[in-house]
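Next, two complexes with chain A in common: one pairs it with chain B, the other with chain C.
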Partner chain A sequence: MTQAERCVARNHFELFGLPVGYDIDERDLARRHRELISTCHPDRFAQASAQERRLAVQKSAALNEALKVLQDPVARARYLLELAGVSTGEETDTVMDPAFLIQQMEWREALEENRDNPARLSSLMDEWTAMTAARQRELAGHLRAGAAGYPQARRLVRELQFLRRFGDELDEAHLET
Partner chain B sequence: MAYGTKVLDHYENPRNVGSFDKNDPSIGTGMVGAPACGDVMKLQIRVNDEGVIEEARFKTYGCGSAIASSSLLTEWVKGKTLDEAGQIKNTEIAEELALPPVKIHCSVLAEDAIKAAIADYRKKSSKSADAA
Partner chain C sequence: MALLQISEPGQSPMPHARRLAAGIDLGTTNSLIATVDGGAVRVLADETGAALLPSVVRFFDSGEVAVGSAAQAAEIEDPLNTIASVKRLMGRGRDEVGQVPYALADSEGMVRLKTAGGDKTPVEVSAHILAALKTRAEDALGGPLTGVVITVPAYFDEAQRQATKDAARLAGLTVLRLLSEPTAAAVAYGLDRQPEGLYCIYDLGGGTFDVSLLRLSQGVFEVLATGGDARLGGDDFDAAVAADLEAHGRRATTAESARALLRAARTAREQLTTQETVSIDVPGVFAGTLSRDELNALIDPLIERTLAPCRRVLKDAGVRVADVSEVVLVGGATRTPRVRERVEGLFRKAPLNDIDPDQVVAVGAARQADLLVGNAGATDMLLLDVIPLSLGIEIMGGLVERIIPRNAPIPTTRAQEFTTYKDGQTALAVHVVQGERDLVTDCRSLARFTLRGIPPMAAGAARIRVTYQVDADGLLSVSAQELSSGAESEITVKPSYGLTDADIERMLSESMAHAATDAAERAWREQVVEADRMIDAVLAAIAADGRLLAEGEGEAIATHARALRAARDGRDVTAIRRAIEALDRASAAFAARRMDEGLRRAMAGHSIQEFR
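Then we have the complex of A and B:
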């Protein structure tokens, strides 16, 4: 087995020698990433064949992509569901809990009406932070429950993705004030 | 992003923005959301006894294409029967507005919204028929 081939894995978790699961020690993950990426560094392949060099480049790209997914709780959850064959359909499935959508609409209205009101913007930010944190905790619980928790986990990933978009808009509005 | 003239027209002068009372039995309300972009769309229809859509209103938080798609849709469904309105395809909306491929999902949102509004109206009217 060549050095580059040693980086081959079936999924992002395996790539880092981690068990497939939601709970991750982010520092440990970062350390594993650093170690592995150094084995794929282009400098190590200066004398290698063109194919080996290409493989090494592909492996570092895979490591960086895997890190990006695993260090983000929502992306990690989405990926776990994907591995289990559950698509979150965030591009295509528009059916969501009506109460959630009504609330999202109210927030967006509040944002439109209060762009010049730093106090209201920051209270919106507090509400957003609280809701996001609560859903992330819920998500972790459902994913620890295994397959039985997948339907709820799918809903929560979709809602958290929604919340993330609104968070981006809030950040932008905040910068403008 | 460069929007087409029809998108810009609907975006700058959206038709039929607003709300109806969702508890009114002649009103159907459809709410849909696209997690990928965080767009929310509410589409409401007022239906007469013959099952014809007399008016439609919408409220959309999202990009120009999502607003234009819902605005166009409210114009299209007016005067249509529920069955006719339910057959509107997102591809027709996308074609009319000349949406680029990355914005096709905005027209999907509009199609799903009218379908949800029709379903809501039918659910309400079957319930009131049961009660009667």
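Then we have the complex of A and C:
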């Protein structure tokens, strides 16, 4: 048996028996994850040898990691680009569209000035939700287009990552009011 | 067939004898042990019929130890040697525990208590509680326990979980699983028999508050989010009441009167569950009455502190109050009517409380223990947990780089690559912390891992892959490999607030329970058990999935299994260990293939369902 045959999956999609692609039914993914982890969770090997317990931990960890990536649209897009050899370079490449950055700075100022203003925070949240949803739709379209869509998809993943961080801060501010 | 001849005649590779297992709720105030008996869960009581074992341990200068109500009775007369609420000290450093009514020894790492019986770590104190429960169960069940499930607050960090597991090891218990208390409570209510749902478990115990949001689907529980406060509980209600009594009376000036005051406060709070007013008399401190309304006003700010984490877990899981199917109350402090009112107010739903809130966690743990030792037969129940706090490592400038985010499902792994910054560098240190903040000083230090044995190379040439693994119990292990040479690094762990293996070994050899057997004897027994387990597992695997064996692989495994059986019958521990390792290597690929086959089958079943 070759190494490739021994290894159940070459990527996260295959691990769940899914075709490589952006469109995923999240409920179906969660169901597949539960069915698979039911067979290899360490609790199924509580009375087994140390070797089997070790393997069970490793397999379950791999399933959890794959689920984490695939169930999140941005992480899934980043992973698809990675599989295609396109790095999103979020930690090394800091060049962003100036218009996008200016808009983000405006939001940040609005957040700082309105921490005690639940109504303004709510409207900010609405703007954020709308922009995030629009970019995710755009991202899906570019990824369906294959290699030609990768450059735009890369930009959108980077911007969505920005948006996510801002969204977290907005959530925190909301919880505090 | 030659492969199976190493199984002795009449000896089944998979014995089906019923194994004794128990669930343990190791609580701040009280502890319990329960077991499944004839399909029903039985909470085991002591000879006086009491199920709750007060989590109190008294140390005598003779070296003797009293546990439970005998120790609790001495709380007032012998306060410094009588340790209560030790759960709050588990895995904690001296600078973290705040005011405690005990004498603390000067020590680095985990706090140590000065007692008449010598300096004791919280792990040793907890081990005495666990040992008392073990004795109770083994007397009641008439045999040794195969294994136990011990519950921990979902919010417990890695050091606290490790300390709990270490205590079990000292008590001579095999831990099948550390289970989070809210998950155990959900299992106790049989919520696993519902088709699906979203459950909020509100657990206010003596010293800890936990709230968890669980999702159940197809018999599988997942903890979606968890939060809480590891230092908030019914004890704080009592402290608030006691402070109020002092404010209206006189200060308790001695350790004895302080204890008497706290006890009176607790009794008053418990009585106000059914009465509107109680009278209180603590000589020298307070004499008068307390009404339920007055109690409510005193504890409302504390209850409020439990509601913020409730809102947060809803937010973390991305669900609304209306999405929650049921709310379950756990912990003695939820008997307080005001707590129920406020919880109902937040969730707009009457919470479930028909199982004794003191016993519900142990009941669930017993069911899980029964399942894990294989008594429950085929079942779909699977309890999936998450890591409650993010894990990170220290990077330049005292900052934290997050490696595993909070609420990630466990088991989980994360690999990172490092390089060397000096020519010929052979060692590397990694400092792992747990918490949500960006500065190392704002997080809890877990451990420092030192990797040695990196092959000497030019600076920047070595590529060291460090793998962090969190198992199903929430416990961290670290391994490292130099990628260009494939050399495994040797890793030494220095837990910040935990015990090293050497500490535990020393405590084991000092402890009463193990005085009769020396360390060598114990090591030999452990290896024999693992050898038997491994031989049984390999034989069962070959019998079940022999078709997955590669050419010549079965013969190689059989040879090593025979060698292990021969070594196991001898007294040489090292020889047994080596033979286990050899069989492990010979069978690793086969074992991995079997696990993959299991996954493939699960996936195939899935596809068939979909084609219908």
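Some observations on this one:
Following the convention adopted for this analysis, the second predicted complex is superposed on the first by the 163 of 177 C-alpha atoms of A that agree within 3 Å, B and C clash if a C-alpha of one lies under 4 Å from a C-alpha of the other, contacts with A are read in each partner's own complex, and residues count from 1 in each chain.
In the analysis below, a contact is a pair of C-beta atoms (placed from the backbone, for glycine too) under 8 Å apart; a residue touches a chain by one contact, two chains touch by 3 or more.
Keep in mind that what you see is a predicted model, and the values were worked out from it rather than measured.
Legend: residue contacts after superposition of the two complexes on their common chain; A:Ala61 is shown touching chain C, with no touch to chain B. Touch counts on chain A: comparing chain C and chain B, the chain ahead is C.
Of the two partner chains, neither chain B nor chain C is touched by A:Ala148.
By the touch criterion defined above, A:Ala119 lies against neither chain B nor chain C after alignment on the C-alpha atoms of chain A. In the superposed model, A:Phe162 makes contact with chain B only, not with chain C. Contacts of A:Val95 after superposition on the shared chain: chain B is touched, whereas chain C is not. Taken together, the two structures place no residue of chain A in contact with chain B in one case and with chain C in the other.
Within the complex, the chain C residues that touch chain A are 147, 176-177, 217-218, 220, 222, 311-312, 315, 371-374, 380, 382-384, 408-413, 469-472, 530, 533-534, 536-538, 550, 584, 587-589, 591-593, 595-596, 598-603, 605-607.
Listing the residues of chain A that touch chain B in their complex gives 88, 90-92, 94-96, 98, 100-102, 104-105, 108-109, 158-159, 161-162, 164-166, 168-169.
Those residues of chain B lying in contact with chain A across their complex are 31-38, 40, 42, 59, 61, 105, 108-109, 112-113, 116. Across the interface of their complex, chain C is touched by residues 1, 6-8, 15-17, 30-32, 34-44, 46-52, 55-62, 64-65, 67-68, 171, 175 of chain A.
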